[in-house]
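Heads up, the next two complexes both have chain A, just with different partners, chain B and then chain C.
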Partner chain A sequence: MSDLIKENEILEQIKAAFQVEGKVSSERRTEVFADKTQVSSILLLAKNQYGFKHLNHIACIDWIEENKFELVYILYNHKTGLTLLVHTKIDRENPEMENIDTIWDQANTYEREMREMYGIEFPGLVGAKEFILEDWEDTPPMRRDFDTLNYATNTYFHQAGREDAQDVRTTISTRSGEEIPDFAKKYSRDK
Partner chain B sequence: MSREKETTLYIGPQHPGITGNMMVKVKVKGDTVTKASVEVGYLHRAFEKLIERRNWLQSFTILCRFCVPEPDPMELTYARAVEQLEGRIVPERGQYIRTMVMEMARLQSFMLWYAGQSGSAGLYTLGQWSVGDRDYILNLFEDLTGGRVYHMYIWPGGVRRDLPKGFKDKALRVMDYLEKRLDEYDKLLFDNTIFQKRAQGVGVIPKEKAIDWGVVGAPLRGCGIKHDVRIDEPYEVYDKLDFIVPTHEGGDVWSRAQVRRIEARQSISIIRQVLEKMPEGEYYNKIPNPMKWSIPAGQAWAKTESVRGEVGFYVVSDGSEKPRRVHVKGAAYTNGVSVTEKILVGQNIADVSFILNSMGVCPPEIER
Partner chain C sequence: MMNNKNSQTVAEYIKNWSRKNSLFVMAYGTGCGAIEIPPTMTSRYDAERLGISGAATPRQADVLLITGYLATKTLKRVIRVYEQMQDPKYVIAFGSCTINGGMYYDSYNTINILEKYIPVDVFINGCMPRPEAVIAGFQKLQEKIARGDADNGTRYKENLEWYRSNQKKVIKNWRMPDYNW
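Coming up: the complex of A and B.
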């Protein structure tokens, strides 16, 4: 690990400041696991002190077995080329997380999407409730307990003539009353 | 002038300036935009959700549809994330082929950009040319992968097939042709006074804000900041190749166009180098039966550089035969929403689609 000096330094400094768990997962990559109350302070410190000026993304994972959501803040330092991943877990019931769009403007977009797709609330988040979906009142769709198949079966209906394993030529000929021309018959499924 | 009322105008969702459906709601006073908000939701097909319901390999049919103009970076980024989780090593020839595919994808995407950028300035001739020339690259893709637009060619462990017979000669011929054509394009676009006047000083991203705003790709390099995943965190064989990452001061549409102009030529040079240096040998580290293929539990973050900027995949495995979560961060997600909303303010309404195109906005990447 001797060649990972920079990565270890960042880890040690954050560990010392916040008493959090962490590891150097690979070259140029440091990960810390923090409590949700510490996240914004860590991000602010990383941005202003350690030069992680670029917020790459906020990823969200639904750990339904543990009844938790995991949020991963991915930061990048353009000067050193290091990546910092800040993990935190929040409760799945009435999930709430600190809003960080005061630190990075673009976090607003990511948080709006998470509010919509996972139902996580970010107090103080400005922006329309709807981002991608429209008039959505069901379970937030990216949660693991949202049943896609069930939703599709209940919401969308079968169009007559669109059933599976049907020969489209037969359907057209019954509908129009015209016979199937000879040249089309040789492609028929019955043959 | 003070009596001018503020009017709301909807630009899109069917929009000539960008590939995909997206609406920009602008408030205008006279001809000047005073507020812009990006509204998406016309293309949402729940790709990320669908991926969770499929096994590790079946996702590839969805991945390439994240961004139609340039599907290969998505495949590569996902494949690299899966390889990171599994610890699978790609044979050297596979890495070379992947690099070539990526640069071919970049090159054909540049051609589409030429068409969009010139078309939104009213210069339609170049669009006809570059889209026509793009077909030569698509022909190469067809020879190589069987598909013209969607390839599903890059897999975890390498690529699916080796180069077909005579591919190298054909590819080199196409590169020679395209290099000559790029000079013609320059005459039509960059030497054109209309384009110069319209592009300079329009849609400016301030350099000191660029990183903070999360700008990536050519718009960032157009601000004079040298950042390219291919150099900063080299993947595949980019560290063995000789190429430059251009930057340009200014941060406007003109700078972004200049950056792309040089990058297109660099892509040709990279493809030539790759074809020259490509070793013989295995191209694919075969995976086990894909229907019973489980990946060790873990989380991986992989990045690649596309024409629009860096593409990142956060892939999570719980040790099962299906991905637990695949979170996609396309370049357009930030460039096309929060950054665009900021830089459109104060611009002329005629420049909106012009700026959108220079930012490389790709709506399906935003909605996924």
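Coming up: the complex of A and C.
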């Protein structure tokens, strides 16, 4: 294990430039927890100043308990091999985030996907409204309050399960007159 | 066979015999089962010895394979392909996904029972069926054709309203051409 000099250096530089929280989570991985408004300036600085030329991914997490969406911008520096994660949290009600496809073109794809799957709006985002889904009218499907089983039950036909579906162990034990061994009892359906 | 009073006429027998021995399969795959088609068609299992070979366009094809789960988006394309195919046309459905939804039974964008949307001749169970099972399914279809039972194209036309209502329940924005066959 190295002494994480490079990782700490990046963290200190970003901390000096912005009022952000941050940590070095493991080797070659630095994490920054920023405010929504600071994100684009941190990304620009990371790209132009610290050499994080590559936007790996933009992830979105639905923290329904906190009523927040968390966006994680994952950047990679090909020269040093460092990864930088920029976390930010936005409101779940009318979620809106700055469009960063002027910094990285490929962000456009991720943002269009998030717009469709989570309903996050990116003002100024160019591209067709539909990304993967077709004629979707319901809640954005990746949100945690979207009940996928309920939706599927209402929308599609369902094959009823077999009524004689029983626990195989019970059937076998009654047929052969043996008791179910203790170690298998915890897997049994009828307890 | 000719002595049976339910048996076919000689002309029908010859027609069915020639149909069952030249099945042209639409080169179209959905879901994961499409990966079972190359080994079925190539030298190891060599489906061509049974008269099964590929066709490039729906109008040249006899058999449509639905090889796995169907997203609602794909279903729209499948219906279009199916309606473009000429009679006689047959559908073989692969895997649990087309029977009852399989592992995608609670998914928001895959249909569960294929038979509600287009008529299916043969279901092959498994997740996914191996080439042996695929060939067995084709043989079942051939038996069905030889008996003269495989007329699902006509069934589809007769019950078009019922199929359309099911299809339109899933495909909300219906922008499809109408074929008069």
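One rule holds for everything that comes next: the second predicted complex is superposed on the first by the 155 of 191 C-alpha atoms of A that agree within 3 Å, B and C clash if a C-alpha of one lies under 4 Å from a C-alpha of the other, contacts with A are read in each partner's own complex, and residues count from 1 in each chain.
Just so we're on the same page, contacts are C-beta pairs under 8 Å (C-beta built on N, C-alpha and C of every residue); 3 or more make two chains touch, one makes a residue touch a chain.
Values in this document were obtained by computation on a predicted structure and should not be read as measured data.
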- [ ] With the two complexes overlaid on their shared chain, look at chain A and say whether chain B and chain C clash or fit.
- [x] fit
Open item on the list: Quick one: is A:T155 in contact with chain B, with chain C, with both, or with neither? Answer first, second, both or neither.
Closed with: second
Open item on the list: Output check: A:F33 vs chain B and chain C. Expected answer is one of first, second, both, neither. What do you get?
Closed with: neither
Task: chain B versus chain C as contact partner of A:F18, first or second or both or neither - done: neither
Task: Which of chain B and chain C A:G81 touches, first, second, both or neither - done: first
TODO: Please indicate which partner A:D62 is in contact with in the superposed arrangement: first for chain B, second for chain C, both, or neither.
DONE: first
Open item on the list: Under the stated touch criterion, which partner chain does A:E137 make contact with: chain B (first), chain C (second), both, or neither?
Closed with: second
Task: Chain touching more of chain A, residue-wise (chain B, chain C) - done: B
Task: Per-pair minimum CA distance [chain C against chain B, superposed on A] in Å - done: 5
TODO: Would you please give the residues of chain A that touch chain B in one complex and also touch chain C in the other complex?
DONE: 133-134, 141, 146, 148
Task: Contact footprint of chain C on chain A as seen in their complex - done: 133-135, 137-138, 141, 146, 148-149, 151-152, 155-159
Open item on the list: Using the touch definition from the top, list the residues of chain B that touch chain A in their complex.
Closed with: 40-41, 44, 46, 48-50, 52-53, 211-214, 225, 227, 232-233, 299, 301, 312, 314, 316, 324-325, 327, 329, 333-334, 337-339, 342, 367
Open item on the list: Quick check on the complex: what are the chain A residues that touch chain B?
Closed with: 28-29, 53-57, 59-62, 72, 74, 78, 81, 83, 85, 104-106, 108-109, 130-134, 141-142, 144, 146, 148
TODO: In the complex, go through chain C and note every residue touching chain A.
DONE: 72-73, 76, 99-101, 105-113, 116, 166, 169-173
